[in-house]
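Given below, in the form of structure tokens, are the structures.
Shared between the two complexes below is subunit A, which pairs with subunit B and subunit C, respectively.
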Partner chain A sequence: MNSTPSVRRWLSELLQIAYAIATILMLWATLRVVTGSPHPILTVSSESMEPTFYRGDIILLWNRQHYIDVGDIPVVWFPGRSLPMVHRAIKVIHQDEGESDNSTARQLILTKGDNNDLDDTSLYPNGRAFVHREEIVGLVRAYIPYLGRLSLVVKDQPWILYASLAGMLAVGKLL
Partner chain B sequence: MHSAVVRVQNVFGFFTTVAFCVAAVIALSTFIHPQTPSASVRLRNVQVVRGRPHYYSYKKEEYAHIKFDLDTDLSTLFNWNTKQVFLYLKAIYPSTKPDTPPSEAIIWDAILASDSAPWHQNHYIHPNPKAKATSKGKPKGKGKGKSQPVVPESPHPRGELHLANQKPKYQITDISGQLQNRTDVVLELGWNVQPWVGALVWANKLDMGMWKGLKGGMSERFGFPEIGKVRRGEDLGTEKGKEGHRLEVGGEQPRKA
Partner chain C sequence: MSATTKVAVHSLSDLKNTTDDALPNYLHSLKFKQIHTQTDVRLVLGYSAVAISGALFYFDWKFGWDATKPFTAPAVAAYFILNSIFTYWIWFVEAGCVFEGEGKTGKIRIASRTKKHIPIYYCDVTFTPAPYASNPQQKLRIRAPFTRWFTSDGYFVAKPFQQWLASEVPVVGTADPKNVIEEIGRGSETERAVNVSGNNVIGVLEQLKAGVKPTGGTSKRRKA
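Let's look at the complex of A and B:
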């Protein structure tokens, strides 16, 4: 090992890291394509769906169901908002847009958190009373409890992420 | 190769693999547990009234108040991987224009918790007509510290519900503001089984392997009547869900538009 020039050794280490990162990125991109959702894995960060979902649960989304039924759990992410809302659909109305073309019938969805007394109309932007299908990034189909707790801690204190990244690199260099 | 860090890494990696496999086995075991749900839903009374049903209604609109009877046996839905069953009754009514899918709205819901779920105030407690009217959950005396709330027992086994003349939790409105004289309205029972880990499942009408489809669960077709005057003493209030008692401090606050 000592006979190879150090630049080449350093480059091959870099390649290993690049392989690892590229694999993870491609797996993530594949998951996005398969589920049809831009954010197929999310962490629940509010208590509005207790006792169904607690803060720190990881939810897996599926976005290839076009028609929302009441009782489904859509994840609503309005453009411009920093966080999505994970609530339950309690009302679905189909509003006909065009004259006789029913393919433009628009779904209007009203949501409410299981732990909220009132429905979500006050949380929608600009006085809107319903959510549109395109603002839903996926329906919750599966979940894993507790696993996202660490990500919530990191979200509140991002320095932990930088510190542990630096720590991992240092340990990797030392070995 | 034998340093402490590498050993910790190996242990942690092995733990992760084992935990993942155990979780996958638990999640899959739900599907081999036999289920035989059955339900019977009957309409008791429906009234269409003109008023302001929602906190954000700025003009009067027509809304329907539906009272129903519900008898259901969902005890087979509970297995070792069940955390809770979110039960709901929805009203399906056709839209005014043809070729448009019908609209659905939940009029009543309940969270049925399994025995393994930690207590939460939103859990549904079956009304017990025989229970004495004790002070629900108020700590007796001036004892300091938290006291466990007194949870009244349900008169039926877990998963069985027998409700008569049940008030809805939500009123039905339509986006057109008009609801009277609609025909072909039907009430349908649905549920969402929440596991401890794994896939969420909704009500199945068809048999799926060990899971039998729901027997019954739909009411007869009925229509929304004309607007009726509210008789004196008539109670058109909704049933307040348990989530109405949650303190909003630190929770999501309604945003001013």
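Let's look at the complex of A and C:
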């Protein structure tokens, strides 16, 4: 007595997979909402913040602190750049915007990597001298050493990801 | 009358899933019409939640974080509310239901479950024999080890499964009298969820015996 497949049955099985994926996505969305950052988890990919952070460390961001203090570590992502910068704020200026009705002071932030000799002005776009608060996607609140190492390897050699996925599918089929 | 696919005999979930699949098939063959309302509600709830999640991420992919930000918190809230209702529906409303339907001999709802690491198939049966006007709704809890209808190498054999269901559940037995047999010492037990006190035990036993043979005619005595 074989069970005849039905639309409902097929929909139920598809739902299990779709629901698992949806839950993971929504947990990620929750993290974004709670931290206020579009990228709450990142991997350090340069050595410019040694010995504070090393390549391969995972950093956890919090973006609900409006005022940046000197000593904070903002993650700066300029629009159009493919990668963000994780450096330390070494100078913060509050500039009154005289034109606007409510005198909200604008923050101008200067950053420098702990392992760099020079500040970051040469890395800012269009000859700018400061970073604006809107360009900061979060402040580093915690970090997990080493955990991101695999993601760096995959970033440099993307074929490893495809090969592992193919491998996992093959093993799944065999089992 | 065996299934062509083999199941892993030591996998409890495989045993349960195969049996859960066979149950509606058997009842369909007895012309029971299945009511899919609970399944449909579950699918609607589940796919709505998936749709919200998909829409949110599509929006984010297309328009970026700044445009999506004001919608993210409401979407997350809506998703988790739907998720709670969905979970509640599965755990407490559907509660393991594998078949709900109606046939000429009555209404029936069967929910199945297994206990971890124990290869016994438990069914909670709620049924109302026809005619509904003169019969109340009854509940039944039956169980049998999977060894009754699985061979030792993992093939499902339909006949003993049908016999078990037909013999234990009156509504099924009336619809399929050929499969109603008297069980002697085969290890299946029936507990009726009616009051059984010290006084009426004999009466209930007589009722159970009478219930197994509804037409009073076609019952084959099985040699143990």
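Quick note on the criterion: the second predicted complex is superposed on the first by the 154 of 175 C-alpha atoms of A that agree within 3 Å, B and C clash if a C-alpha of one lies under 4 Å from a C-alpha of the other, contacts with A are read in each partner's own complex, and residues count from 1 in each chain.
Rule of thumb we're sticking to: a residue touches a chain if its C-beta (ideal position, glycine included) is under 8 Å from a C-beta of that chain, and two chains touch if they have at least 3 such contacts.
Values in this document were obtained by computation on a predicted structure and should not be read as measured data.
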Kindly classify A:Ala22 by the partners it touches after superposition: subunit B alone (first), subunit C alone (second), both, or neither? second
If we overlay the two complexes on their shared chain A, which of subunit B and subunit C does A:Arg32 touch? Say first, second, both or neither. second
Contacts for A:Glu13 in the overlay, against subunit B (first) and subunit C (second): which applies, first, second, both or neither? neither
Counting only touches as set out at the top, which of subunit B and subunit C does A:Asn116 meet: first, second, both, neither? first
Comparing the two partners subunit B and subunit C, which touches a greater set of residues in subunit A: B
Shared subunit A contacts, counted only where both subunit B and subunit C touch the same residue: none
Parts of subunit A lying in touch with subunit B, wherever the complex brings them together: 46-48, 50-52, 67, 69-73, 88, 90-96, 100, 102, 105, 108, 113-119, 121-123, 126-127, 129-130, 140-145, 171, 175
Can you list the subunit C residues touching subunit A in their complex? 1, 3-5, 21-22, 24-26, 36, 39-40, 42-43, 46-47, 49-50, 52-54, 56-57, 65, 69, 72-73, 75-76, 79-80, 83, 156, 158
Which stretch or stretches of subunit A touch subunit C in the complex? 1-4, 8, 11-12, 15, 18-19, 21-23, 25-26, 29-30, 32-33, 38
Can you tell me which positions in subunit B touch subunit A when the two form their complex? 3, 5-6, 23, 27, 54-56, 83-84, 86, 88, 90, 95, 97, 99-106, 109, 111, 113, 117-118, 120, 122-123, 170, 174-175, 190-192, 194, 196-200, 202, 240-241, 243-244, 246, 251-252, 254-255, 257
